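Here chain A shows up in two complexes: once beside chain B, once beside chain C.
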Partner chain A sequence: MSAVVDTAPAASADERAARAPWVLTAPALMLFVGVLVIPLTMTVMLSFHDWGQYKGIEPVFILKNWREIATDPYYAEMFWRTFRIALLTTLITAVFGAPEAYILNRMSGRWKSFFLLVILGPLLISVVARTLGWALLFGGNNGLVNKLLMSLGLIGTPLRFMFTETGMVVALAHVMMPFMVLSVWAALQRLDPQIENAALSLGASAPTIIRRIVLPQIVPGVLSGAIIVFSLSASAFATPAIIGGRRLKVAATLAYDEFLNTLNWPLGAAVAILLLVALVLIVVGSNALIERRYAEAFR
Partner chain B sequence: MRQNGPLALIFHTLFVIFMLAPIVVVCLVAFTPEGYLSLPTHGFSLRWFRAIANYPEFVHAFWISLGLGALSSFVALLFAVPAALAIARYKFRGRDALAALFLSPLMIPHVVLGIAFLRFFTSIGMGGGFPALIIAHVIVVFPFALRLTLAAATGMDRSVEMAAISLGAGGWILFRRVTLPLILPGVISGWALAFIQSFDDLTMTVFLAAPGIETLPVRMFLYVQDNIDPLVTSVSASVIAVTMAALILLDRFYGLDRVLAGKSDTGR
Partner chain C sequence: MAFLELDRLCKQFGAQTVVDDFSLAVGKGEFVSFLGPSGCGKTTTLQMIAGFLDPSRGAIRLEGKDLTAVPPANRGLGIVFQSYALFPHMTAAENVAFGLEMRRVSRAECAERVRSALAMVGLAGYEERYPRRMSGGQQQRVALARALVIRPSVLLLDEPLSNLDAKLREGMQIELRQIQRTLGTTTVLVTHDQNEAMSLSDRIVVMSQGRIEQIGTPQDTYERPASAFVSQFLGKTNDFAATIDRTVAPARLVAGSWNAPAPAGLSGPVTISIRPERIGFADVGLAAKIMTRIFQGNHWLFQCASECGPAIVIRQNDGQPQPAEGDAVRLAWRQDDMSLRAGGAA
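The block that comes next holds the complex of A and B.
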């Protein structure tokens, strides 16, 4: 496997081949240790430091911040809200994104790539611009969404979307939808269309085909999409900050507030580390469950 | 395969309306002739696009974002290309762990990264500076640069390299004249995807962008937090237009599904 010139004696060429991967990855490794591992470690340590309005950050080892998070119901409520919003967002993207991916997959070539561009394109558009769009659509009691819902007779009185969890979930679902469609789409690419045709020729009805053939095969795609959507929604910042305003806090916006407004860095660090640990546990746990359950789909 | 029925097409239409509605609304409001937020009912006006010129913060932030994106994606590639070659070609102990470390910025919430970088750079005296912003962005876009380069390096035909080696090429010449041209499409798309990530990032950047080095998303976010007026919609509409142009180009030259598949696993 050596990519070096073979004029040197064999032994030294081998030695060089053994060293080569380390020489090649060393710069990136040093960068990551220096600017990622060390800062993260410092943040964990920061969460154990003390802080006071007048004394600032004191580099001592105390559990004050962690005790505050554990005992003050404000934080429990805030984390519960964060995960509730993330879960609802995940459900909505799964319920609407999976059928859409299936419909897209059945379209003919040109339409398929056109609509794929339309649906996945927003992924690359600034999330501030997309959320601003929702703020405009929601805007007050005579926002466009309320006008539409009322003219359709779906609601009698205007709903509140701005500064509510409902609004956050709708806007987040829009931001996260492409990830779900993409994930289900990838699962559908592995599905053999002939199986569907075979079921059809054997006299299966459309609902039966969906339930017995399509659904079982795209479930792994839905689940891996759900993990992505959940972890991104739980740590989302821009959308909750703009739609939720200054009052309705989620973990990311609260940590931001502690850092840049209250200046209680140790407490903000504790909130952020807790979010990171919770997400890693949830993601790793559900990944393991899914891979055990659907081992063959990932082969 | 069977065709989509009418119900499926109705669902699809509603879905597409949902996906496009906020984007279309931003673009429409940007053309309002009024001095307040409204849909342009009495003709279109470019007054709010002209107004951007009188608000130098946005123009300045745009150049900051552009420079930051271009530079950090380039620096990320300087580190990512050799690492990708090593991971693609050699089996060595710790290879999987290294790959996991290099992709880990995808797993970590950006708010945590922002906090960690803010803490780190202020404590070494680089807080609030442009170099700190570049280094932080290099870390965040690194997985995207690495992944597309890695795909290119894994799929590369090694026989051309072997031929070059047999003809006496080696070291830098071999890389510069044979390997790099072969993986260049992957490297360029890696750069493009990394650039988009850097250009769009808000959550991590908002912690590091001190006044004077605010990026466009940060400037827009801080503006929207104070008040929403037609000016910020015209700025957003311009951003959307630029993104769409880049999107169409990327789709033509590389295939959007391939670029996005690289983003799908996590991309924040």
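The block that comes next holds the complex of A and C.
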């Protein structure tokens, strides 16, 4: 009898201890499920529904949308374009952003904070405003730069910028640059301030120090910056929408058009899900590669 | 001829003079320490020798050749940094091999020299370890091996042991000294730790506010400090205000109830500087009361209130009975053990 009395409160204490993590994480879990898991599941389900010009969305399970994406070369081309643009943007931000961060890091106090502000400043301005700036500079015959170059007689016809992949890559690289600079900057902060002097004292020249000592140590920073820039560029909407318009579509603008112009929600959902899955695979895959490669020295 | 010569070296940052008129001649194979509190210019001087900073004035000569115009990469000096500054993306062996690669040493010779350098610092078998996987002491050894493997003409050590715990530091001091003796590498050590400077160096350069206070052997600087700063900085010391009374014949040196025949030269107010371990308890001498008595294993530490202000006395724990707290005692010392400076106590 006494044994029962003794164990009952103990058991309930155990139960409470076991429940505690769930209770404590419940608010966050509910938010996560409510705003992410449920809509995402619904989008996945939506991508298997049927759609017709006159009948609208029919909640059936068919592979029509996926088959269309898989067979129509239009979608393949559009996805290749999306990832090509994202890759080029990533390369440009890495090539310019890494040296930028290195130079910034070597500046003295006052200049450093000033130029850091210059680099981060654009983040305070809307992407739309920044992209429209490019349109004002290069758009058609009336773009400022085109007008100037033409009046100087340097070019006969306006530089093509709007509705070109080049234009998209340039504008996206501009928008994404701060993320790369910040990422490399963070890696540079972890560098021992004496490490370049150490290499110098061992007889290394300045280019050797950059190549053998500095670069290998900031590669993880460049790579994590690249992952951020790549995924943001591949899923970017505003910049491709303004520069590319409806003539040069990428995955994000296509999904938008299917949802809001054609009203073919199931197809738009399929495009969006495919973009998501592809991005997750690329990001997780490259992250795993990076971690394996740099585990020894940087864990 | 001096092996490494610093000739009236000055360094100014703006209006601030960090190193002022620093002249020193280091002999071949000598181990010299720059000792001083932080901000005394010792690291700045080291960085000028290394070439990371340009002197504002003065010359640095190595075997008679001016080093000032030689870029740091070509000076051929080995440097161990306070933070070690190991290359984290390279293994211990790759770290040590870096300097040899820069010198285009053949692969076979490089491998052999790296192996023996790591063995010398007691890290045989750690070749493939990355620095992050090593303890502070091991990283320190890799840094030392990396600096020594290039057979530097001068080894510069910038507070190399300050990041190690006390026990490890003592062990490394002994090891560092042995390695330096074996290789005969001329070495300059920068440190703020007087024990480290004294146990390692042939000569100590005591610095304060950019100036040299004293250059001498550890024993010299400890027993015959040239200034109040040196005697205060190197170990514990007692400064007693005293006077030389030349109105009596023969003249007397008087500190409270302690007095002795006055030495020639000085007169009027003077300061007696005496190490705590050189003071003994006697029947006559400076009257004092023992305030605290601290047992420290091999010795006793007494803090006393004397006629001439606070006094510290250290007595060996040799089994003799020692006075207790609150006892009135008389402090006495041999005249040879003290040093005298003109002027009152600081």
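FYI, the second predicted complex is superposed on the first by the 254 of 299 C-alpha atoms of A that agree within 3 Å, B and C clash if a C-alpha of one lies under 4 Å from a C-alpha of the other, contacts with A are read in each partner's own complex, and residues count from 1 in each chain.
The rule we apply is simple: a residue touches a chain if its C-beta (ideal position, glycine included) is under 8 Å from a C-beta of that chain, and two chains touch if they have at least 3 such contacts.
Fair warning: this is a prediction, and the values are worked out from it, not measured in the lab.
Chemist: With both complexes superposed on chain A, which partner does A:Ser183 reach: first (chain B), second (chain C), both or neither?
Modeler: Only chain B; A:Ser183 stays clear of chain C.
Chemist: Quick check on the superposed pair: does A:Ala20 touch chain B, chain C, both, or neither? Answer first, second, both or neither.
Modeler: Touch partner of A:Ala20: chain B, not chain C.
Chemist: Now for A:Asn287: first (chain B), second (chain C), both, or neither, which partner does it touch?
Modeler: So A:Asn287 meets neither chain B nor chain C here.
Chemist: Identify the partner contact of A:Ala241: answer first if only chain B is touched, second if only chain C is, both if each is, neither if none is.
Modeler: A:Ala241: touches chain B, not chain C.
Chemist: Kindly classify A:Leu200 by the partners it touches after superposition: chain B alone (first), chain C alone (second), both, or neither?
Modeler: both
Chemist: Between chain B (first) and chain C (second), which, if any, makes contact with A:Asn261: first, second, both or neither?
Modeler: The answer is neither, since A:Asn261 touches no partner chain.
Chemist: Tell me which of chain B and chain C touches more residues of chain A.
Modeler: The larger set of chain A residues in touch belongs to B.
Chemist: Considering only the touch criterion stated at the top, classify A:Ala28 as touching first (chain B), second (chain C), both, or neither.
Modeler: A:Ala28: touches chain B, not chain C.
Chemist: On the A-aligned overlay, A:Thr71 touches which partner chain: chain B = first, chain C = second, or both, or neither?
Modeler: In the superposition, A:Thr71 touches no partner, neither chain B nor chain C.
Chemist: Is there a shared patch on chain A that both chain B and chain C touch, and which residues make it up?
Modeler: In chain A, residues 193, 197, 200 are touched by chain B and also by chain C.
Chemist: State the interface residues of chain A toward chain C in the complex, per the touch definition above.
Modeler: Touching chain C from chain A are residues 192-195, 197-205, 208, 212-213, 216-217, 296-299.
Chemist: Once bound in the complex, which stretches of chain C touch chain A?
Modeler: Of all residues in chain C, those touching chain A are 50-52, 72-79, 81-90, 98-99, 102-103, 130, 132-133, 146-147, 150.
Chemist: Would you tell me which residues of chain B are touching chain A in their complex?
Modeler: 1-4, 8-9, 11-12, 15-16, 18-26, 29, 37, 78-80, 82-83, 85-87, 89-90, 92, 95, 98, 101-102, 104-105, 107-112, 115-120, 123, 135-136, 138-139, 142, 161, 165, 168-171, 174, 196, 200, 202-203, 206-207, 216-217, 220-221, 224-225, 228, 232-233, 236, 239-240, 243-244, 246-247, 251, 256-257, 260-261, 263-268
Chemist: Can you check the complex and tell me which residues of chain A touch chain B?
Modeler: Its residues touching chain B are 1, 3-6, 17-18, 20-22, 24-25, 27-29, 31-32, 35-36, 38-40, 42-43, 46, 96, 99-100, 103-104, 106-107, 115-137, 139, 144, 171, 174, 177-179, 182-183, 186, 193, 196-197, 200, 206, 228, 231-232, 234-235, 237-238, 241-242, 251-252, 255-256, 259-260, 265, 268-269, 272-273, 275-276, 279-280, 283.
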